[in-house]
Amino acid sequence: MINNALAVAGIVIKELYRRKDFYVLFVLTALITLLLGCVNFFNDDRIARYLKEICLLLIWISSLIIAVTTTARQIPAERENRTIFPLLAKPLTRGHLVFGKFLGCWFASGLSLVVFYFFFCVVSGAREHQWPLLIYLQALWLHWILLALVVAMVLLGSIMFAAPSSNSTICFIFIVGILLVGRHLHRIAIQLQEPIRTIVSVIYFAIPHLEFYDIREMIVHNLPPISMLACLIATVYAIGYTAFFLIATWLVFRRKSLTA
Amino acid sequence: MPDLVKIEKLRVEYRSRESQNGFKVAVDGLDLTVGSGEVFGFLGPNGAGKTTTMNVLLGFVSPSSGSASLFGVDVREPIARQRIGYLPELTYYYKFLSAEELLRFYGKIFRIPKGELEKRIDSILKLVELEHARKRLIKTYSKGMQQRAGIAQALINNPDLLILDEPTSGLDPIGRMKVREIIQRLKEEGKTVFFSSHELGEVETVCDRVAILYQGKLQVEGRVDDLVKNYKTNLEQIFLKVIGYQSSQAV
Amino acid sequence: MPKLFLAFLFVLCFSVAALRENTPSISVATPRQPDVNTGAGLLSSLMGDSRRMFANHFFSKADAYFHSGYYPTIFDRSASPERSHLQGGGGEQPEGEDHNHSEHDEKAGFLGEPLDCLESFGRNFFPSQHSHLETGNERELLPWLKLSAELDPQKIETYTIASFWLRTRLGKTNEAEQFLREGLHANPNSYEILFELGRICEENHKDTACAHNLYALALQKWTDEKNRGGSPDEFVCQQITAFAARLEERAGNFPAAIGYLEKLKEISPAKDLIGKQILDLRAKIDGPGIPLKK
């Protein structure tokens, strides 16, 4: 199982670094950040937080684009290019394939995250002359854990929806929606009329709360690190949802006809 | 001679909107056995159901009725895959890998030890004549080169049973001869080869037995020499006769 | 990858907006008069509205920065609509250090008690403690104020607030003055900006004559607006008058000071206090003048 999954994952990672997407996104992020870093605001060169905020925003957008688009095309591309046939003719089950694709996309986005956060470290350190490494590591870790959840979710979407593009669009809206309003849904619900109120509350408790993993504000405003216990609980919470999505993916994919 | 491939009363239906009853029968009551050490030619015009039958053997399509087994194990169980080599028709491999990396990837799935894998990759690439391009990405390959890469991946685990779907399509005359030689050599090593083809001449030279499928139904099945003796003509004429084709000259 | 570029488009828009920093504002002199009769007019007014919307967004971003990210989102705000806190800390009050404390406490508790365990757990991951920037970190607000001013040059608080922080906390009088002048260029009739400029002249440049002229001009603009039928801010008028009176008093120009105080008495709620000040000044004029020479 692990052997096969790792072999599949290796292919996904190779694909990521042989395609141009990552480089394009990284160069764009770096370019925009550096350009904004050159802007002079009232002759004060110690202003840093706006730059950190924008750099982190770009990193988040880029990482979500990489994770979602890479994952969304994996299984559809295997089917479209018919590479799935020689693969499944080997001693490799559909479950191995799903898990391998998950690991591959997750590791690949993790690798790109490391590059992005290293860049962020350099930028913020150059401006502020301080390196709060613990909270940076926490941010990287939580971000990566979040991507596990995202990748598993998109993987499920990729076998439910026909086209990778519609899948990525739907997933994107879902993810960004949760990040923006997920935390407020309960408060919104209690201001609503009854039938809708229950529906919104149920949604609130059912969705994966991706906003936990976004500690950009803490970094931007130089606040102290998160408690390790909170990080741990958040990690367990994400693993739960990831496992749920992976199992659902496997169950749907197991019965899926490959020739249709 | 134990049966490596055994197909009994196989029936496969595809959902289809065009036909009035909502499905299309691709394979209809097929009975077939391939013995160990045999080279078996699977013939039939386009759309006869050859690929569909192979898809059933590999578990990609589930039969509507009937059964199929490999090495005596039902095809629904994935156990038998360790000893199979499969070449699908019309396949493109991972475009962003080189032939070498592709083989290494498949080799890993078979858990072939590293040293042995490298040796095997060298010899297989030599066999299919892709040595000069082994480090190039597959997306830069010509159609025939991709087909050769496909043959190479089917051989990576030194399989006992090869299921090849039109192995010579897209190859030049030398390439075809090469494939013929490969099949011959595998036969000498005692392997079993089950392959479909439209090249009746080559089928005649390498196959022990053939089956001709037409519209999902088995028309003729037997040893090549027996068939030639019975019909008193070559395989091509038998084929045309079986599928009911009257050439204008004959009329 | 068309999607990829789409996703970046808005980021680019944003960065371009920020990059315009050094170029002279194009839209500076356009008066805010949406012409809805023609389609083009409608479009430009819509564009203007979205620009203003973004300007307001960046303005409240500055406010959020002032509180280190502890700031209500639109969802929290819909529950309790509130004024921007920066306004309280900025130009309107003469002593920016004093915060309005009742407003403060209300805002401090905007999160309220968590409704459920998810919400209370979620508070680990974003700023949930009330705090203010200090020790020079106030500089972090400036980019957003600058951006807000770029997008909506007619928003006057942007200039006065930026100037307040620049001159009182960051010691950047020249930059404050420069920014106010940009604001004045876009809003030639703004008595608030003129008042701020006057304060720079008085407090930082110690240029009494210049301050005197600016206060007078500010009061003039205020009256003009009143006469035009507008509703200028009474509190600012009181402030300007009080500052002008103080300036005259310090210059020893008691009759002029009394003139301003009389005006202030008409509009200020604290009439008794001002009446007493006037009496004191009168006494100084009538008296032997010895205390003055001392």
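Letters are used for the chains, namely A, B and C, taken in the order the chains are written, and counting of residues starts over at 1 for each.
To be clear about the criterion, a contact is a pair of C-beta atoms (placed from the backbone, for glycine too) under 8 Å apart; a residue touches a chain by one contact, two chains touch by 3 or more.
All values reported here derive from a predicted model rather than from experimental measurement.
Farthest chain from chain C, going by mean C-alpha coordinates, please.
Ranked by distance of C-alpha centres from chain C, the top chain is B.
Busiest chain-chain interface by contact pairs, anyone?
After tallying contacts for each pair, the winner is A-C.
Which chain is the middle one, judged by CA centres?
Chain nearest the overall C-alpha centroid, as shown: A.
Suppose each chain is reduced to the average of its Cα coordinates; what separation in Å results between chain A and chain C?
A distance of 40 Å separates the two centres.
Provide the C-alpha centroid distance between chain B and chain C, rounded to the nearest whole angstrom.
80
Do you know which chain C residues sit against two or more other chains?
In chain C, no residue touches at least two other chains, as defined above.
Please output the residues of chain B touching chain A within their complex, sorted ascending.
So the residues of chain B in touch with chain A come to 14-15, 55, 58-61, 78, 81-82, 84, 86-88, 90-97, 101, 105-106, 108-111, 137, 150, 153-154, 157, 163.
Would you tell me which residues of chain C are touching chain A in their complex?
It is residues 1, 3-4, 7-8, 11-12, 14-15, 18-19, 21-22, 65, 68-69, 73, 75-76, 79, 115-116, 118-119, 121-122, 124-127, 136, 139-140, 142-144, 146, 162, 166, 170, 172, 175, 179 of chain C that touch chain A.
Which residues, counting only chain A, touch chain C once they are in their complex?
Contact set of chain A toward chain C: 21, 24-25, 28, 32, 35-36, 39-44, 46-50, 54, 57-58, 61, 65, 69, 142, 165, 168-169, 181, 183-184, 186-188, 190, 204-205, 209, 211-215, 217-218, 220-223, 226-227, 230, 233-234.
For chain A, which residues are in contact with chain B within the complex?
Residues 3-4, 6-7, 10-11, 14-15, 18-19, 81-83, 85-93, 257-260 of chain A touch chain B in their complex.
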